Each structure stands twice: as C-alpha cells, then as structure tokens.
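What follows is subunit A paired twice: with subunit B in the first complex and subunit C in the second.
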Partner chain A sequence: MSNKLLGIVGFFKDPYHLLRAAKEARARQFKFCDAYTPFPIHGLDTILGQKRSVVPWVTLVMGLAGCFGGFGLEIFTSAISWPINVGGKPFNSFPAFVPIGFECTILLGGLATLAALLMFCRLPNFKSSILNESITDNTFALYVSAKEESFREDDVKNLMEKCGAIETRMVG
Partner chain B sequence: MEATFEQEPLLNPKKTLTDVNIDVCKPMERLPSRSWFVCFAIAASLTVFGLCLFVHQLRTGMGVWGLNNPVGWGIDITNFVFWIGIGHAGTLISAILFLFRQKWRTSINRSAEAMTIFAVMTAGLFPIIHLGRNWLFFWLLPFPNTRGSLWVNFRSPLLWDVFAVSTYFTISLVFWYLGLIPDFASIRDKAKHKVRKLVYGVLALGWQGKQSHWNHYEIAYLILAGLSTPLVLSVHSIVSFDFATSVLPGWHTTIFPPYFVAGAIFSGFAMVVTLLVIVRKVFQLEDYITMVHLENMNKIILATGLMVGYAYGSEFFTAWYSGNIYEMFTFKNRALGPYAWAYWTMITSNVIVPQLFWFRRFRRSIPVMFVISLIVNIGMWFERFTIIVTSLHRDFLPSSWDMYIPRWVDWGYTLFSFGFFFTFFLLFCRFFPTIAMSEVKSTMHVGRKTPETEEFVF
Partner chain C sequence: MGHGQRHYRSVKEIPPVPKYALSLPMRLFYLGLVLVGLVTFLGALKIDPNRAWHSYLLNYFYWMSLGVSGVFFVALQYITTSVWSTPIRRVADSFLGFLPVAFVLMLVLFLGVSHLYEWTHPAEVLHDSILKGKSSYLNMPFFVIRNIVFYAIWFGAAILLLKNSLAQDKNGDPRFTLKNRKIAAPFIVLFALSFTMASFDFLMSLEPHWFSTIFGVYTFAGLFYSSMAMMILFVIALRRNGVLAHVVNENHLHDLGKLMFAFCVFWAYIAFSQYMLIWYGNLPEETGFMIRRTEGAWVPISLALLFGKFVIPFFLLISRPAKRNENYLIFIAVWVLAMQWLDCYWIVYPVLNDKPVFGWQEMGMFAGFLGLFVLSVTWVMQRIPLVPMKDPRLLEGVNHHQ
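This part shows the complex of A and B:
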C-alpha cells in the first residue's frame, strides 16, 4: 500500500444520511465522488451529477442489426440462395418472415444490453479491492476522491461526520 | 403531497436490511435436510429413467410411442405446450409486473424466473424427443451445409418455434443472471469458506454496488424487461400458430394466440403458487413471501382463469356460428365424444374450481390455494391434451379416424419431465438465493411508517 491518500470514504447506516452527505459533496462541486449501496437509491444519480446511461442506445443499434440480420437471412436463403417452391407461396414470403425477424431483434438486443452493461461497468473486475464487506448487506458509503480540486482532508471528514457517518476512513 | 393509501406491508415489518441477507442465505449455508435428499433422489431417478426411455426409443424407433396415423401429436406435444406455458408466469412476474411498478413482485421474481428457465429447458426436450431422427436436430438451424446449401423453411410455424423458444430461453437466462449479480456479491461478501468465496466471487463478476454501476444496471434491467414483455407474448402466440395455421377443425382459429397466452399465464401462476407454498415453508421464508404475495397471485389465477373460460365458450360459439359441419362436429366430439372425460376435467379444473378465489378466505388459505393450484395444473395439462388429441383423432373422413391411447412410454416421458424440472429446481433452491435480496431491500419501506422529518426518497 502506498502512503499517498487516494480519497476518503464515509459509511452510513441508511440512505437518508447518505443522500444528505451526497448533497453536501455535490454543493462543493466534487466531480469524482461515488456512492456504494446495497440496492439502487432513486435520485442519487442526479444528486451525484451522473448522466443517464447510454445502454439503451447500444440496445437500439444491436436490436436493429438483429432485425435487419434476421430478415436478411430469411430473404437471402429463401429467395436468393436456393429458392424452393413451398406450397405455391412466393419466394419472398415477407409476412411469414415477421416472427423470426422479431425474435432475432429481441435476441440480439437483449444480448447486447448485457454486454453493454458489463462493458460500461468494466465488469468482470476481480482486481479492485472491496471497500467494506457490508456494502452488499446494509451499509451505504460515499467515496470522495483526493483528485478533487477543492479537496481538503479535514473538510471532507467534517462533512461526513456532520451528515451522520458512522465511520470515516482514509483510503490510500 | 400525493394521496397515500394504508397499505399492508409487503414483508414482516420487523425485518431489517441485514435480516434479508441472513434469512435468504441460511438455506445455502447449512447441509440439506433429509427430505431434500429424498426429493432430489426421486427427481434425479426420474431423469435417469427418462434417459433410459430415450435409449429404448433410439434402439427401437418412434413406434414405442402410442402415436398413430391421425394422431401424430400426442402427449409429447402436450408436454411441450404445457411446460412452455408454465414458464410464462415467471416472465410475467419478472418483466411485465416490473414495467407496471408492482413492488410485490420482488419477493417472488427470483424463483419464478428460475421456474421459467427450467420449464423452458424441459419443454425444449420434447420436440427433439419427438423427432424421427433425433440426432439430426441441428438441421433445424439455418447453417451453410454440403447439401446444397439446403436451408430451413422459414415459412413454417415449426421453425418459428425453434427461434421463439431458443430466444426465450436465452433472454430469460440473461435477465435472471442480471438480477443475480448483486445477490452473488452479497453471498461472496458473507462467505467464510475460501471455495465458496471464490465460486460466488466469480459469479458476481466483481460487483461492488457502485452508484455509477447501479445507474447502468437499472437501465439495463428496465430494457430487458421491456424486451421480455413482447417476447413472452410472442412465444406462446407462436406456439399457438403451430396449430392455428393448419386447416384442421378445432385448431384453425384466430382466437388461439390470446387464448394460449392467457392459459399460459394461468397455468404458470398455479405452478408458482405450488412451488412457493412449499419453498416458503421449507426454507422459513414466510416473512418474505407473505400472504400479500400469495393473495395477489391467486387474484391473477382467478382473472386469467376467467379469460380461459371465456375462450372455451367463445370457441363453441364460433363453431356454431360458422355453420361449418366439421367445425361443429369437432366441438361436439370434444364435449361428448370418447375424450369427453378429458374435456370435462379441463372445464372443472380451469373454470369451476378457481371461482373459489372470489372469496378472500380461500385466497388467503394455504391448504386451499395449494390444492387449487395443483388442480389448475392438471386442468391445464388436459387443456393441451384436449386441443391436440380431440382435433386430430376425428377430422374429416370417418375412414381415417382412430383413437390415441398413450402407452407406458408416453406416460414415462411425462413423469420424466417432472423429474427433470424438479432436479434443476431443487438444485436452484440449494445453491442460489431464492429471493432477490437487493430488490427486496428496495421495497422494504412499502406499507411502513417513515420518519416524519426525512424526505421520502427511495
């Protein structure tokens, strides 16, 4: 472990105190602070100034790719590669191709959603150490990075304690 | 200030956040009870028995089934439709109720989704078992080959089924795993044993509960719910197209897609009630899967049961209104012909028995709901049997009529399907959290008093 201070983390027993601390941190224009919670807390993303996730755009693009890919495969195999007369139906039986085109849209869109989530969260990640093992249980944490421009150790510690942190710890 | 109603708490109000982790993980941290081993042994033996049956079928041929010329689809396809239908309730709970912001879903969605996945796996076996040359099942997929390339027939509903069922399985699995990630992280952080920590650590992918991750996670979860909703409706619609696009009286009806979807949700909820009544008792989760959840599910059973009953009536009316003698005969034959016993079992179990749920006392009685859910499951199995067999066995020309009498192989495969399903479900109960811990935690405040000085935030 290096001796350089990386940041300060405050632990809270409930989301109310965490939100209060997050608001205070936001008022100080901190950009790199992040919270750790056992379950998603609504409103925390806006308080911390986090943008809306771009996952839906990935879903849209890959869903469209699935749609065009599905229909493309059906039309290519049935009308171009080897047209076969099945019960006198047209080679390009578009209405009959809709169900599979739809399923391909969902399949690719859904798989891409998972892939995008893992990519944006940089998961799997087995390297970074866990701040506290009870974060996935009942503890809420706010992390303020030392990279902040207006970072002052005693000020941040004060902030955490004022907002009801049960414990403050230096991360370094 | 928005108007608030006095709401019954979803969970036991005394439970804290830590209690959730302790109570849900408890069954995973102790040795299984003797009764678990007994159940598992029975289920696993039935699975092995099914494998033996399959070997017997491969050695002898499709003739081991009781199928014959007019009745080419019997119990094999009955089981396929039955198990696919069972799966639908899981997706309804996990996706559709999520979109409707039904917070009570959080205690039951994990096991319901598990049920979906195992039910779809079970269902998927039957079309393959039913193939004449089972070992060529991969010919159902469009891949370049040395036969021309000879492609698959994309105009066939049977091929739509292949795509629908495999997409359904994949997306359900993705959705389920996504929900499991934060819970795996909880188990990892709680684990004391090294191997346990490693296994659940790998499964959790290094999840830490960071807000910037939750931000992406919640959107991804919403998107998957949004994708699963039309998917689940499409799957049973496509299954119904297997029948509806044919020209057979009794199958060739436009009501089939909504009728099948309603029936699927009906039977699926019955299965969820059957399973959860046992799970909550055995794993002492009564504080989490409460009467509120069970009652809500019973209400859905009642509502979908009425839809199914309406569909039965509508089919008869349409047959009469069509003036088509073959159509009218098929329905008369259903109610009064040689398979009338199956038809009336279906009507009694699906339309008459669930009416008991109009009474709050019965909706909230564990023994009553357990028995009704079993009856509904039996009834829905017979619904598929009736639709398939009675339409096939007497179609147009009396000279081609025949009876279908299931043989021991047919029944054996049915037993196997239950064994196969329960083998997986029992393993799930042991090794995975049966309740979505992180989701339950976010709904614990429902129906509780919040501190007056605090803003209502989550």
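This part shows the complex of A and C:
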C-alpha cells in the first residue's frame, strides 16, 4: 500500500460525542464521511445526510412479482395447462391459491431483500481492513475521507479532538 | 432529532399543557347530531322497526368497540411497558367516557331483541333442535347478565387504570405504573374472553345456526384497526388546537400509522382465514353465512370490503411519508372508519334483507352515535390533564424519535 492518506478516523466513547462530531462534519459539507457504531443511533443518518435506502423498493417490487408469479403459476398449472378436478372444486379455485400466492410473495420479497441488502452494503467484504475491533463493542467511530473537497488534515484532526475523540488515526 | 423536533432535557422544559375545551358551537353541533339520531331512530321505529333495530345494533356494536378499544390500548401500553405512547395515552383513557353511554344504549337494545334475534322467540326454538341445543347459552337472562358483567369488567379496569395514573400526576410515584401493569395483565385476558362473547352475542347470534370460532378475533381486528384511526383523528385534532402541540411529534403519528397498517393486514389475514376454512370445508352448517354474502346482491359489498378495508389502505399506508403526514393520515383514518362501518353493515344487514339497503335510517343513526361518542369522550377530556406529566416514562415518550 502507498503512503497516500485515504482519510482520518476518530474514535469516541459515547454516541453523544459522535453525534457532535458528525454535525461538525456535516457543517463542513463533507459528502463521504461515514460512522461506525456498535448499535443503531437514531438521527445519525439524517445528520450524515444519508438518503433513504432503496431496499424497501426492491422488497415491494419483488414481493409483487412473487405474488403475481405465484398466482400465475397456480392458475396456469391447475386451470389452463393441466386442469384436474380436485374434490369438485372449480379449476380456478382462487381462495385455495391465496396461501401459496402469499407465501411466494413473502419468499421472493424476503430473499430479494437479503440479496439487495448484501449488494448495497457491498457485503461480504474481505478486502477492507478493520479500523478497530471495539467499534462492534463499545467504541463509536467517524471516518472522514480524504476525497472531500475541503479536506485539510489538521482541520479534520482538530474537529475530532474538539468533539471529544479519544483517538484519531490516519488511514492510508 | 432533526426536522426541528425539540429535544427536552427534563420534564420542566416541556411547556405547560393547556386544558382542553370543546367550543360551544362544536358542542351544539354534536348535540344536534344526537338529536338527529334520536329523531331518526323514533321515525324509523314507526316505519320499519326491523330496519331501525338493525341499524341500531350496527351502530351500537361499531361505537361500543371503539369505546372499549381505549381501555384495551391503555392496558396494552402498560403490559408492554411502552414509552412512545405515554404522551398520547390519556386520549385512549378518555374513550372510557363512552362506556357508560354504551351501557345505557345496550339496555335500550335489549328492548329490541325480538326484532333481531331468532333465538328470542320460544316458539321457534321449540321446533328447532339446534336452537334448543344452544338455548343454555342463548337465553335472555344469561344474555343480559353476562353483558352487564362485561361492562363491569371494561369500565372497572378503565377507571382503575385512569385513577392510578391520575394519582401518579400528584406525586410521580413509579409504583402506580407497576400497579397498572398488574391490572393490565389479567384485564387483557378477560377482555379477550368478554369481547369474543359480546361479538358472539350481538353479531354472530343474528344467525344462530351458524358458528365461527374465529369470529371474536375477526371483530377484534376491526376494533383495533378502527381504534387506531379514531386515535389518529383525536391526536391530530388535539395537536392542532395546541393541547398536545409540544408533546406529540410525527414519530408518534408514525407509530399510530404503523399499528393501523399492521391491523389492516391482520384484519385481512383473519377475514381470509375465516372465509377460506368455510369455503374449503364446504359444510352446510357453516357455508350459509358466506353464501348470503358472496352471492347475489351482496357481492359488490363483499368486494368493496376486500378492496376498501385491505387492498387500498394497504397501498395507501405502505410508504413511510404516508404515515407521517397529518392531512394524509386524516384522510386514511376517515376512510378506515368508513370501512369499519361497512364491515359491521356486511355482518348485520344481510340478515335483514337480501339486498343492500342504505338511506336516512342508516345515516341519521350513525350521526347520532357519533355525536354521543364525541360528546362523552370530550366530556372526560375536559376533566383530566391530557398528558400524564409525572409518569416516569413521559420524558422519553415526549422525546420519541427514530
């Protein structure tokens, strides 16, 4: 790896300091900063200017696809392609199809949600190095990328320390 | 957080909650509605007593469900140790104001049972082995006694829960919260049993040969679904006239909307469970109810229920912004309340007529019950502080965010 600075990460002991730092970073119009926290922190995504996730739309579209696909399959197989008389019920027995149509909706919607989540989070990821193991435990981290237009090393370092970072580290 | 929502660091920072008062013109308006209802009922009794009593029963069950839903909601909040609902809990508490009114309305309903229920005619029961077999449950004295007991349970629990909460307003003792949790647990069990039986008594016994074990869950799904709609309307109204302006934010509305959305799906799930098992089993003693409603002139009503109570609200409520916008929520809440009426209509009216009928009898009496409900609920609201300021969960509840 080259010695080029990729960004600066600050570690915080509690979410309040992290939120303060995130607000400061937002005030500088940083676009590529990201936070790493052991649990979800309410309001952090709006402060960091994160857009709403696309995952719910994937769920909706694929759920509807599963619904129509499931019903389509049932109607096609039991009423059009190979009609079989089951217990004197009509070939196109819609009420009996509902549970399977429902399950297909859930199955496709659920699997697509998982797939979309992994895709948008770029997971699994074996390349990135771990910043600090304790960010899955009791440490909160804010990462500011050197790609930012107004990125100045000492400014970002100052920001982190002013907001109560217990440690700042250069990533590169 | 964000969106200009204020974050309070202590309860002292919360601006004082103004007292609620229903303005005189509004009071007169609702009194006028009650009068309209009364005149309609008396007029309808003269012209067609059967239809008058069916309309009365429909409205009684609709508004009784809403009245008792308040106690259930409060008990549910205590048993789940909910924080988010603390600033809006008194709205649900106030619904208890309708229970004494509903009790009197039920006593009036007892006068009309011979127009409604086949099993109240001894001559018919004698020639009907099924009704004879059911007569140990479906007989007038037991019917009256158990329904009076149900009111004692509902109203008793409602008063106890509210009294403890009001006592807490004085000294902020957290033991009242724990006490209420202990009341809430047995109440929820008793509520499930009593509301199921009340549904069996007032609605299912309209067709005493038919039975459905899921019927109580079906009416409960409608109860909670419409209850959330009514809560949303009251909370938004109180927020707009300033009473809850500083303690309720979009996140509370969002959660009420989520519950309404959840029960939209739950209702569809239960309604379909009831329908599919009857359709699949195809047993003559069970199918009559569904045949009356899914063939002939009642098909449009059944379809309107399927789309109006499930499909349309499902897609209207599915998105996040939909559940956070006041005007949009008001529209959906009114829609849901209308559909709950249609659901009760779908249960009651096919017994009266093989074709759907709708006219002044139905509209006028709905207006009358609406007037009674609003007047009795606001009567309570004017007499209690609408936010439990010393509830240990209040601060976190007011700062509710996501």
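For the reader, a short list of remarks on this structure follows.
Heads up, the rule we're going with is that the second predicted complex is superposed on the first by the 172 of 172 C-alpha atoms of A that agree within 3 Å, B and C clash if a C-alpha of one lies under 4 Å from a C-alpha of the other, contacts with A are read in each partner's own complex, and residues count from 1 in each chain.
One rule holds in what follows: a contact is a pair of C-beta atoms (placed from the backbone, for glycine too) under 8 Å apart; a residue touches a chain by one contact, two chains touch by 3 or more.
Quantities reported herein were computed from a predicted structural model and do not represent experimental measurements.
Number of subunit A residues touched is higher for B, counting subunit B against subunit C.
Applying the stated contact rule after C-alpha superposition, one finds that A:Gly43 touches each of subunit B and subunit C. Once chain A of one complex is fitted onto chain A of the other, the partner contacts of A:Ser145 are absent, as it touches neither subunit B nor subunit C.
Legend: residue contacts after superposition of the two complexes on their common chain; A:Leu107 is shown touching subunit B, with no touch to subunit C. Overlap of the subunit B and subunit C contact sets on subunit A: residues 42-43, 52, 96, 99. Across the complex, subunit A meets subunit B through its residues 15-16, 19, 34-45, 48, 50, 52-53, 55-56, 59, 63, 73-74, 77-78, 81-82, 84, 86-87, 89, 93, 96-97, 99-100, 102-104, 106-107, 109-111, 113-114, 116-118, 120-121, 123-128, 130-131, 133-138.
Subunit C meets subunit A in the complex at residues 1-3, 272, 275-276, 279-280, 318, 320, 401-402. Partner subunit A is touched in their complex by these residues of subunit B: 16-18, 21, 142, 148-155, 157, 159-160, 163-164, 167, 170-171, 174-175, 177-178, 182, 185-186, 188-190, 201-202, 205-220, 223-224, 227-228, 230-231, 234, 238, 241, 438-439, 441-442, 451, 454-455, 457-458. Of all the residues in subunit A, the ones that touch subunit C in their complex are 42-43, 46-47, 52, 60, 95-96, 98-99.
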